[in-house]
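So that we are looking at the same thing, I have put the structure below in structure tokens.
Residue numbering begins at 1 within each chain, and the chains themselves are lettered A, B, C, D and E in the order written.
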Amino acid sequence: MKKITRKFVISVATGAFLAVGLTATVMAATPQPGGTLSFVVASKIPSYDGHQETTFGMGHPIRPFYSLLIRVNPENPADPADFKCDLCEGDVPEATDGGTKYTFKIRSGITFHDGTPLTSADIKATYDKIIFPPEGVPSSRKAFFKMVDSVEAPDANTVVFNLKFPSGAFIPAVATPFNFVYSKKDLDAHGYDWHKKNINGTGPYIFIEDIPGQHVLGKKNPNYHFEGRPYLDGFKAISAPKMAVRINAIRGNQASIEFRGFPPKARDDMVNALGDKLTVQESDWNCVLMSTVNTKRPPFDDIRVRQALTLAVDRYAGSKYLSQIAIVKTVGGLVFPGHPLAASQEELEQLIGYSRDIEASRAKARALLKEAGVPEGFKFVFNNRGVDQPYKVVGTWLVDQWRKVGLDPQQTVKPSPQFYATLRKQFDFDVSIDFNCQSVINPIADVSKFLCSAGNNYSQCESQEVEDLYNTLMRAETLDEQRSIMRQYEKAALDFASGAITLWWYKINPHREYVKGWKIAPSHYLNQHLDNVWCTDGKCS
Amino acid sequence: MTLATERQPSSEVGVQAAEPSFLEIRDLKMYFPVTEGTVHQKVVAHVKAVDGISFSIARGETLGLVGESGCGKTTVGRCILQLERSTDGQILFKGRDLTQLDQKALVPVREKIQVIFQDPYSSLNPRMKIGSMLAEPMRVHGIIKDPKQRQARVNELLSVCGLDPKFSDRYPHEMSGGQRQRVGIARALALNPEFIICDEAVSALDVSIQAQVINLLEDLRRQFNLTYLFIAHDLSVVRHISDRVAVMYLGNLVELAGGDELFDRPTHPYTRALLDAVPIPDPEVESHRAHKVLQGEVPSPMNPPSGCVFHPRCPLAVDSCRVSVPQGREISPGHWVACSQV
Amino acid sequence: MHRYITKRLLLIIPTLLGAAMIIFFMLRLIPGDVCEVRLAGTGLFVDEAEIELCREKLGLTKPVLVQFYNFVSGYLTWDLGESMWTGKPITHEIAIRFKLSIQVAIMATLVAVLIAIPLGVISAVKQDTWVDYVVRSFSIAGIAMPSFWLGILIILGLLIGSQKFFGEPWMPPIYYVSPFEDFWRNMSQLIWPAVATGYRYSAVVTRMTRSALLEVLREDYIRTARAKGMIEKIIINRHALKNSMLPVLTIVGIEFAFLMGGLVVTEQVFNLNGLGRLFVESVGAQDFNLTQQLVMLVVLVAVFTNFLVDLVYAWLDPRIRYG
Amino acid sequence: MPKLLEVKNLKTQFFTSAGVVRAVDDVSYDVEEGETLAVVGESGCGKSVSAMSILRLIPWPPGKVVGGTIHFMGEDLLTVSEDEIRTIRGRKISMVFQEPMTSLNPVLSIGLQLTETMQHHLGLSLEAANKRAVELLARVGIADPERRLDQYPHHLSGGMRQRVMIALALSCDPKLIIADEPTTALDVTIQAQILELMKELTRELGVALIVITHNLGIVARYADRVNVMYAGKMIEMGQAKQIYHDPLHPYTLGLLASVPRMDQPRGERLVPIIGQPPDLTRLDDGCAFRARCRFAIDRCSNEIPSLQETGDGHSVACWRANEIRDLRAAS
Amino acid sequence: MAIAQTAIENIVPEETRDPWYVQFWGLVRRQPLGAAGGLVVLIMLFATIFAEVLSPYDPEMISFEHMLVAPNADFWMGTDAFGRDILTRIIYGARTALFVGFTAAFVGSTLGLILGVASAYFGGIFDLVVQRLVDILMAFPLIVLALAVVATLGAGTLNVVIAITIPFIPQCARVVRSSALAIREIPYVDAARALGFGHSRIILRHMVPNVMAPYLIMLTTFVGHAILLEASLSYLGLGVQEPTAAWGLMLQGGAEEFAESAPWVPIFPGLAITLAVFGFNLFGDALRDLLDPRLRAR
């Protein structure tokens, strides 16, 4: 049984962008139709409107009812640059007109679940809602589309995006899994709030019912635009906020799969219990917990103190041990470790806080603290979020790490609302856990969190150097150029130490062996349409 | 309705005319409301515990107040003590109407009027030592400021009440009923009162102890020139200790007379029935007594009978008793009765 | 009697109003709000203006007193509003959970009463013997054991046990099916939480039965019954039990009301979609509207249960005549 | 003629944390058919315990009959089985208790409480039992008895409840009724009603009655014979007249002197018994009364006097019983 | 001072008491369960005071090399996911439990005592308002109220204490009030009023000492309640926070997730909670038997 596990654990140390292997048998088998897939979801559904929501709790149960214009390649979701057409036809279009025009051909013969045929007007209406919402209509990712000038639908099968300037971020933004395509008819007839409470998509599944706090039911869409799919008759997304329940549910066969991620220890226990009845898929995860320092509060206005904080943390030991009990694993810099822009191991070890010699680092940290006049046993407020995996686990670890250089962090753990209020408004913390997690991997966009000017940077810092480097990075055209500027940006940001990366998350999805066709992606937001998932021998019921 | 007292202690006869009487109750009424309602409490009925009674007590005398349970005798005592605020009527203590005084103005009056309760087990705070229990009132009222002198006074009080001063270190539960009642008496004496209300003060005691306490009360009265209102249901005890006796029935005064007069010539049919019902501890005497038993039971004070409240049980009742409330009258000097048929 | 019922029902009003005020203003003291959790809490980038827009849409930017007025007037017109998280009508949100909560409450009550009354009687009758000590220890253990811990152990035991005996690990179903739809599936989900909470519940009832019965057994009328030559069984069943059931009934009422809204932890363990879990989630998400209405419901249930208990009291005890 | 009830050397003790309370200590007496016997004493002297011991109603723990015999109609009640004693309780010997307010079960109807006894002991049908219950209630002077059957105790006043208790006691035609302070909690006019009723009924039905009381007046009015108890022992027994007119024990003497009497001139000073009753956990080898006794001599401290008959069925337990008449006259 | 025929009671009965150990043994024999409870309480107190001496390791020091070790000679109860010794954390956890338990119970029942007695003594509008308030608070399930308070104040040991204390106040106030109402009717309070004492003196000197029995009983049972509530709140992630050693916290998160392969992690803290609350309840029961005259064997 152990063997099976190991087979799936792909080392990321090689730097290869590969997350998962599927066994040959899985690849080769012919999909069998039928069955209802039960999966557990940790979070709750706010509204059904993907354009304004941001949580996977809504994504996992609702995404299968909708289609996107383009999506990550379901057969290769690990590759951040591999996109496939969903509602469009052929390959994802290349930019024309000097990179400012994208023309999508829309498949014909697609109908919404209510029978309305889909045309390019629906795509235009959808993206107009996302990019140019009228006053008072929320759209959470409108800022992703700053480059878009207009959306046009010249004929029923063509959609044209006119860009203000060329941008590599455009296609990833279009592929964002929350960009559900709505029907223009619905938007015109019911207004822009209708989709919060109603579902009418073109996705592989048709909505049956949503019992809040309990489950969402979907049934097969017989008119789905990919021939022969979906394989399943339907799915049931069961709400289970407690991780122990989700683990036990898969063990006890009350659910077949969970799409967020389990800690390694739980995987091992499951493998032990279920043996070959279990398949495990693993991947690096495009999410990271950081420690954000409130630079307005002395002594943390002193860069030396901030550096001491990151120097105290033994990331390699943490990786080794925390990866057994928490959903974190990989030591990495600002960039998602699997990405070509990520630092190599040698480069990484040059960065502050990434040295292999932890004793030296800690000695340095103590010296810096002393220099800065921070007394032994200095107490400070460490703000953490009341979520177990991995916040509290990492928090407990950080407290221990900081104690090792003579600091005495006082951890205050707050429920999410209070946590965010502290972080975003009240600033009554010295150091806080912070979180960066995006869907489609796009490092250049993702690292913007380290800009002092960024809206989601809560350190209240000021650093022109970092700012300037980011502007250069944005203008870089080749991968090599991007890579070298990224190194400078990374070093500047980490030296400034207003925030420090702890460990990158690691996604482990153990599921029942009979669940086939689903492939793990480096984000729990991606590849959740479930049209390629199937079950062997009618084991899904 | 007010009666002149029959007997005055000689020392006070001279000033009687000038000075108002020691204690005078005028048309005292105590109705306890029975309420209903949630936010706005509405009074739906009254328990007429005391329904307009008047009498007076002269300095130095003992007035016995008898009646069966629920007749209102205890309520009268509580009204005089201002533990209940009466519904109507006046309580004149040495000329001042207590019902008109506020809590603060009552404090000096409370020094002068004290009470001895029935139950020796519940009338003493079980968490206090006897000594501090007796010293507390003196301290609060600032009568004796020096703790040593106060202790001396406590010892004196204990001795006066027939208790060894060693008891001042004891808690009530370490004492017998009789001893506790003596403590109750000592506490009542602590403030040098002039007037003591004995509310069933000996009823809960065993006969052999009862006699001890009765003797003590009599001695103290003589010694400190006290005035007693002696509330009890035991007629033989009341007869023994009282100068005058008032009989209550269902919130009303039915008869009031000098002790001998009342027991020798009971006039009201209720008084007579009451006396008949008391057995005499002598089989010889008992065998010659006619045992006329009063029939029926005491009606509810919430809904008392019309007219004379006693008429449903009265052997002498005539039709008019049902409607007209009997007016009290003095049938001989100092003997007052509220019955139209005698 | 009618007057009494009206009076008691009227008394519910100030209680509800007080509860409304307490919970409303307490919630407003909490920093943070639902929009922040919903939009910023996922780690995804989000525009600050979007959060502000969300607040505006939910009415969180209105003056507090206006919000309170809306809350109270909405309650009076049975317009409970919508959940700030899901946007669904609160009546709908609550109705879903209510079914489950009331079923668990009823089942736990049955479990508890069936265990508790015989145990309590035995314990009282055999006072200060080893039987009594065993029963008392058993029941105090029930009070002492956190029922969520018992729940964890039950699930663990089921998983391990089923694997051992049937080769396949089994856990109770994690979503609710109405008993009218699939009785056995329903039972196989709810019997475990009913047992886990029923144990604690039975412990409380056992102790109350014991002490009430002991007290009654010391009453004069029990002595009368003995002096009449009645046999012990009749004395217990006819003379003592009925009297001692009054305080037991009160405690059953209190516990029942508690189970309706207070099972916050056990519902987590068994993934029950009940009112307790909803409460925790709504508090955690700062879903003010929902939290407020849940508290109102729980208070209403408690007050109403008390009221029912009092009515049953009047029925059981001829001395009590409310008028 | 054999005695109806013969109590011999009865000892009942309570085992409490403060020590062993010798509540009834070697008490012997008997009751003849149809007579009324009074047991007099102050609170805590053991009079109630001795009565409860007869029917084995002392709750264990803490109380227990530790010695003696109680022969009732030829059977020793202390040795018969639990089942047998139940056939005697309420059937042959019944009790009336002090507290009418609490002695009836508040949640059961009067009718049920009356009929269950008759159904149980006499095997009557419910109908017959109901019929008899109505008769009994009428007999004890309760108006409208049919209606009362469906009522509950709280509908009745204290006096009425005591009447129900008497009806209950009479319901199975017992040979002996033990009335433990039957009127203490009642008002004096009601007390008279109840006592008259009991006297009348027991005479009429030929039932023997043990009245336990502290009220010397009641005893004088109703009892044929009187037993005086002090500190768990019988100290004097005799005809009522003997006890009242020729008391031989200093305690009886003191008791009589300390009661104010309605038939004597007012204002005479009472003569109390000094001191307090003894602690029953700390009795020694002397007479328990000696500390309060005006006539105590050395012997009283060393030996416990036993009950000696002085003639005419008059017994007393005092070392100076022979001299007491002289001493009485002298004091 | 001549007291004529009334003899002075000079016979002061000597108080002969058994030596303390005999009395103590008697108590143990009469209340064997209570004595067992007392023993548990004592052990907890002992653990609290001597935690540093008793425990083999540092309760908060992470040592990953000993991660999730099964119970053995070095770690009698095994270690948790951070490699911390569970026995050590249980010993230190007793300190947290007692701190939370006693503080919440003491403050809650004392405030309840004052409120209850004052409410009973003054009656009228004051009583009416207090009773309504108590009604309202009592209608909230304890845990719901505590949850709301923690949500308002944030998690953390002190806030947990406050959250637990608040629901105790009305509970105690109600019980004390009913006792105090009974005491208000007892003549010694009337006697105190007749002696002209002020309100505060009557409340503090004459009423409060006599409602000590229900107060103490409430206090001990509250300690058990508080420990359970703290565990529940911690389990919900709203209680005491890492790295503090607390029993409820030890049951949460990984303890449950890894329960199958590391059952010692949830089992021992759960047992500790059960045993502690068991002890306090037994102790409280014994106290009730001794203090509450209604239940005392007559």
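Following the convention adopted for this analysis, a residue touches a chain if its C-beta (ideal position, glycine included) is under 8 Å from a C-beta of that chain, and two chains touch if they have at least 3 such contacts.
What you are looking at is a predicted structure, and each value in this text was computed from that prediction instead of being measured.
Asker: Is the number of contacting C-beta pairs greater for A-C or for C-E?
Answerer: A-C
Asker: Farthest from subunit D in C-alpha centre terms, which chain would that be?
Answerer: Ranked by distance of C-alpha centres from subunit D, the top chain is A.
Asker: How many angstrom lie between the centres of subunit A and subunit D, each centre taken as the mean Cα position?
Answerer: Going by mean C-alpha positions, subunit A sits 91 Å from subunit D.
Asker: How many angstrom between the C-alpha centroids of subunit E and subunit C?
Answerer: Roughly 23 Å separates the two chain centres.
Asker: Using CA atom averages as chain centres, what separation in Å is found between subunit A and subunit E?
Answerer: Result: the chain centres lie 47 Å from each other.
Asker: Take the average of all CA coordinates in subunit B, do the same for subunit C, and state the distance between these two points in whole angstrom.
Answerer: About 54 Å separates the centre of subunit B from that of subunit C.
Asker: Pull out every residue in subunit B that's touching 2 or more other chains.
Answerer: 179, 212, 215
Asker: Mind pulling the subunit E residues that touch 2 or more other chains?
Answerer: Residue numbers touching two or more other chains: 5-7, 9, 11, 13, 151, 256, 259-260.
Asker: Give the residues of subunit D touching no fewer than two other chains, as numbers and ranges.
Answerer: As it turns out, subunit D has residues touching two or more other chains at 61, 269, 271-272, 274, 276.
Asker: Show which residues of subunit E lie in contact with subunit A when the two form their complex.
Answerer: 60-62, 64, 67-68, 81-83, 151, 154-156, 237-238, 241-243, 252-254, 256-261
Asker: Considering the complex alone, what residue numbers of subunit C touch subunit D?
Answerer: Contacts found on subunit C: 128, 219-221, 223-231, 234, 238-239, 242-243, 316-319.
Asker: Give every residue of subunit A touching subunit E within the complex, in rising order.
Answerer: Touch list, subunit A to subunit E: 242-244, 247, 263, 265-266, 268-269, 272-273, 317, 320-321, 324-325, 384, 386-389, 392-393, 395-397, 399-400, 403, 411-415, 418.
Asker: Going by the contact rule set out above, which residues of subunit C touch subunit E in the complex?
Answerer: Listed in rising order, the residues are 14-15, 18-19, 22-23, 26-27, 29-30, 133, 136-137, 140-141, 143-146, 148-149, 152-153, 156, 159-160, 211, 214-215, 218, 257-258, 261-262, 264-265, 268, 279-280, 283-284, 291, 295, 298-299, 302-303.
Asker: Which of the residues in subunit E end up touching subunit B in this complex?
Answerer: So the residues of subunit E touching subunit B come out as 1, 3-13, 15, 186-188, 190-198, 201, 205-206, 209-210, 212.
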